[in-house]
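You will see chain A twice below: alongside chain B first, and alongside chain C after that.
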Partner chain A sequence: MTIHQAITAAATPSEQRFLDLYASVCGRLPGADVPAVRAWREEALDAFAAMGVPHRRVEAWKYTDLRALMTTVHPLGGIDGSEQVEVIASIGRALANIDSYRAVFAGGKFRADLSTIQGAPGISFAPLCSKLKSEADAGATLAALPLPERDIIAALSTAFATSGALISIAPGQKLDRPIHIIVIASGEANAYALRHAVTLGDGAEATIIETHVGAGAAQAWSYTALDIGKGATLKHARLTQSDAALHLASSTVTLGEGAIYEPTHAAIGGALTRSEGTIRFNGPNARTTYNAAILARGHSHVDFTLVVDHAAPHCESRELVKVVLDDRAKGVFQGKVAVQRGAQKTDGKQMANALLLSNDAEFDSKPELEIFADDVVCGHGATAGQLDEDLMFYLKSRGIPEAQARALLIAAFVGAALDTVDNEGLHAALDEKVAAWLAAK
Partner chain B sequence: MAEQDTIERVSEIDVDKYKYGFTTDIESVRAPKGLSEDTVRFISAKKGEPEWLLEWRLEAYRRWRTMEEPTWARVHYQKIDYDDLYYYSAPKSAEKPKSLADVDPELLRTYEKLGIPLREQAVLAGVEGAQVTAPRVAVDAVFDSVSVVTTFKEELGRAGVIFCPISEAVRDHPELVRKYLGSVVPTSDNYFATLNSAVYSDGSFVYVPEGVRCPMELSTYFRINEQNTGQFERTLIIADKGSYVSYLEGCTAPMRDENQLHAAVVELIALDDAEIKYSTVQNWYPGDKEGKGGIYNFVTKRGDCRGRNSKISWTQVETGSAITWKYPSCILRGDGSRGEFYSIAISNGRQQVDSGTKMIHLGKNTSSRIISKGIAAGRSDNTYRGLVSAHRRATNARNFTQCDSLLIGDQCGAHTVPYIEAKNASAQFEHEATTSKISDDQLFYCLQRGLSQEEAVALIVNGFVRDVLQQLPMEFLAETQKLISISLEGSVG
Partner chain C sequence: MLEIRDLRAEVDGKEILRGFNLTVPKGEVHAIMGPNGSGKSTLSYVLSGKEDYEVTGGSATWNGQDLLAMSPEERAQAGVFLAFQYPMEIPGVASLTFLRAAMNAHRKARGEAEISIPDFMRAVKTEAEKLSISMEMLKRPLNVGFSGGEKKRNEVLQMALLKPTLCLLDEMDSGLDIDAIRIAAEGVNRLRSPDTAVVVITHYQRLLNYIVPDVVHVMARGQVLRSGGKELALELEESGYASYDAEAA
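Right, the complex of A and B next:
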């Protein structure tokens, strides 16, 4: 069950750029001399070539014409050398200060010197590149990293992967602090590809924070597979922030019986950010609460695309998406709730609200329901509008200056999605990011 | 009376109890089978059309040859062989225009059986047998490819209203047809509209002059009778400044094993302060229980609110057709114009419905409202697909959309695919959609009051679609309520 449709192949210059890039780096990628690794990459590259770079006539990319928005492909970073990185300078003090087990990927490479996740209690961690060195290691690792169908971002992230976090949390393990995956796409005009996989054993509990920052015109592609075992709980916050960078991220989340998945996604700016994902219920009585916020101005283009796939009965899903757009920014939310035959007693709700602060901003939304079971309660809502004049008037009549009143209302608007984060450090950091965005105008 | 009704309905629980499935035995004249430039010329010649219209058709035909059939809708069907169809079929006796007195009695009997009043003194009884006196309705009766009769033409003429078959309008009012034909749905619009432009045979033409409130309801009744034919009608309604017209459309077809194609185009134009209310009760033959036969209903309907403060309102009740592919839309071009869409789409058996609307806000202070109720039963699929968009200059555009789906049985599917595009900060869009089944509590309550399961479901479903029913003209209301319960027969348990 996917939002994608078959894409007809066409070897236009758009595809050729990626194929050329692969040809130029394939000998130097991690595991280049291991046949299993090579086969794994090339399967993904073939899948990419068959799909082609999506454009607006491909339904799932209707509002994000990648062919038009991504006219260049940068050289791949993370192969040779090592870049100088300052974590605090890159992600800000508030985020850097969160007490966590940290895994830092900078310039496409795992940075053991900046990370603290190695040897953390209850966590088995390895950077992907370390598992691609021998045929024996690679065989076992790659068997657990299949390529999802019709996912252009996953295909690119796999073909070019230089590293990624492989995390496994033992059954019943309850982590005492969050795991913080920090991805810094630091080099100007470089492309980075990472592939992550996280497995939570039955009954485990964990919080994962992902921070993606991009400097300059970096391009970052990543694919994450999350598998949540029976009765396990995962809280997952993802923040993407940049000015001119291009982020393409895709994820697949599977939930076992009675599992709980609580993601919070926030995207601030970026020349192009496309974050797509599938959350699939494989067992009954599981639930997910997805909260997302988009803040964009300038010429930013931010696209959240999410499929919640109810493949099992008695599951519950909630989605809340808040979008704030200024200047010429474009925001997209495509949300699909699919209820498969037999997934009775499904309870699915989805809400997307957009706030347009400028007449040149654009919000496109496609909230979709696809339902094949009769005993279900599903609903979605979508609104778009500007700041409520009455609320503005109320605040101004209390002596609050216009700019501050606007900031208050916008912060409250996105707060509805972000306030659900219960990690105090992260909560404060997100508040700070929103405040900084509002103040930057 | 009502009880008897229910008992009868319950006793014939089956999807293929389609009551308009009879055929009329009548000699007809057909175009040669297949589609070519000659077919287009044949139809044009039959209609005695001027050169410009033939050229217009041929251009559409040539374009159509280069187009591909759309596949984006959630409907599945065997590829249509367009060369294995008759594109024109007319009752032999209807070849020349005549008065009602000259119409073949066989045809009159057909319409009588369908409950359509063609005699001017007749009144439309809402439910057969019930003595309901309703306002008079002018009817244009289209049988296969031709209009056989149009009633109340003289009385309408006195008010200045033109209501006639479109082929007659081409002859008598070429300036109006030429000005507006294809101005809302251009020949290049989409695959089926282009095909229609090339081969359309008849349909209704309405022109309401400035400041006139049309003195009666206008109505067209479409009947497909002949085998292996497609029906391609074209309707053009123009409401000049400050005028008002309410138009009803009904359709049925015989039960046949084959699938028949119906590809119509409807264009509405509302000038300053004008209002058009367009209601459809679509009851084409839906095919049998196994999905054999039935009409493919691929229709392009679009209204253009061209003038300031104009208003176009679509109301549709879709119960028939094997496949429905239909999106009555409004282009809100004039400042302050308003578009409305009220829809009930019911699918049962193996029917597939992909229907919805487009509200395109171009002018300032435009508003639109969409209420869609989809009911899926049996093994059917029911999809709402809609677009609401506000362009950059559509300041203060407003939209409210509500689409609810009701599922009856666990083998059907209900889907909602709305597209919302806001390009203006002052636009305010609200969209909500729900999907649910008939609540056990409601059902229990009704059963406990002594209603049977069937009656209870009919009552609850009628409540579910009430918002839309209220928009229907009185004459259609009783008929529609009955249609809804018939369509859902056999779907419970």
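Right, the complex of A and C next:
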């Protein structure tokens, strides 16, 4: 603890708030009396303190000055008591109705009573908190949950984790329906921290849907590690939706040889959403298609930051990001494609398009290519523009009213990213979410 | 009746329509012929309400309704339909979605309930067949990747489903071969009725063999310079527009 104290002594008020929060809850967090758990948390807390709360002079946070944007840290939820939640009311009927194996986390706790994933064929599932009770259990579990480097969100999510989904899908297993991880940050002014880990065995096939909703001014921090085995396929949809909540999410995805990873990320609203991730090719002939959509208005600030790390040759990555911003909303896409030495025949392409519906909206895009191999094809592009007035006129000239014409064009714009979702229920639910967002103005 | 009186309009401060006059009674087909740049497309855009065009004088009414005071969607709901010279491609919006939205907007304006999906599909199928448009094509985004001819037939399909009473056809024949012109023209002819007025804008006489006009007007430099019967179109085909361009200068 001496090193720990040395760091805290230098902390600014921004860091101190988190350190104080930890000091106030550490005795009540899951596994508080298990030394391995305590060490795991404090390693993360020390990493956090060493990095500090990032601000705009930290390159990766240039457009999202967390120090300025996050001026309070709420009390940690998910420790005592249990909150009343209604899944349908929280996430909407269309999403709730998707036929799935469901894992519900509400108020920072796993809710067995609302979940259906327990005992699902081919899926081994446990909530993280259940694995933190004994030294023996914790040792094995936490060894598989290392802390990624230089990841402030992962550090916070680890230090404060009250639960999370630990999912493992056996090699060759092809799931007959998606896994739906539902995270409801329901308390008005609480912070919630979850750490999830998913492994797909070689040749397995699965679809994972994550729905994150935040009520009021909730703060949600999460870190997800996804490991996709050789020849395995993972389709992964992630929807974040809220009005005033703050979401900090980070993920690390690793792909084995020949693996396929197809993520679709959508963020609708939210006071502040930062969703960052790394997709790393560890074996050749793997590919990923990352599609993302941001819909924001009011004073929302949504930041998608992605690193695609081509650490193996012959891999393909595609990124398509569609951003719709109204009022004073701010959207950010930082996309880095890194090609390691020896990752020949890499094919990496990235495109971000923003549709600005107001003069006060702002889109910041930072594409980055870092290439250490010579035989590669990489490219990126970014555009920002307004609704096409000629298209608007064409629709109106057929009798379609202005508002509906706008909605059709905007839905079509984000549809380029969202239409790749092949689960019909999810596709319809996303369409409905977009339509509701459009109609809310 | 379409009545246009001394219509003046400019774009980017440049006057394009310079005192344009035209009267088309219901039940008639009028052709407007003129050289490139004479303002034919501008006229069609001004009548349908495109924002880039500023009307600086004159009037345009359809059955007594002041078109110039209405939004583009209100004009459409009042029966005005412009078949575009260059129909737009709308990525991400399926033709069927677009058609249904347009039909329902018209029905709503008339105080009618939305069309049911089976009724809608039946109506589309019937009209699409007549125009040799496949249903497969209509599931694709509107006009995206369509050939020039397919786009024009798609315009006629929209017209057939929306049943406008004032049809403005801007160079419907451009880029079409004879067979395609015939199919599209037949579509237009099916819409002719005692309550319908049709304005056929064209550079060439050819289309008028299929959509036979009651009156032909020669337009140059933003004005109608001469009007006559359908034989005027043949005369223009012979002599060209050079004399009109010069006269107007």
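Please note the rule applied: the second predicted complex is superposed on the first by the 431 of 441 C-alpha atoms of A that agree within 3 Å, B and C clash if a C-alpha of one lies under 4 Å from a C-alpha of the other, contacts with A are read in each partner's own complex, and residues count from 1 in each chain.
Criterion: contacts are C-beta pairs under 8 Å (C-beta built on N, C-alpha and C of every residue); 3 or more make two chains touch, one makes a residue touch a chain.
This one's a predicted model, so the numbers in the text were calculated from it and none came from an experiment.
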Inset, instruction - Have a look and say if chain B or chain C is in touch with more residues of chain A. - result: B
Legend entry - First (chain B), second (chain C), both or neither touched by A:G381: first
Legend entry - Partner chain in contact with A:A412 - chain B first, chain C second, else both or neither: second
Inset, instruction - Using the superposition on chain A described above, determine whether A:E402 touches chain B (first), chain C (second), both, or neither. - result: second
Inset, instruction - Check whether A:A354 is in contact with chain B, with chain C, with both or with neither, and answer first, second, both or neither. - result: first
Inset, instruction - Quick one: which bits of chain A touch chain B in the complex? Just the residue numbers, please. - result: 59, 341-342, 344, 354, 356-386
Legend entry - chain A-facing residues of chain C, complex: 48-52, 71-73, 75-77, 81-82, 84, 87-88, 90-93, 97-98, 101-102, 105-106, 109, 141, 158, 162
Legend entry - Touch list for chain B against partner chain A, complex: 72, 392, 405, 407-437
Inset, instruction - Please give the residue numbers of chain A that touch chain C in the complex, ascending. - result: 389-391, 393-402, 404-405, 408-409, 411-413, 415-416, 419
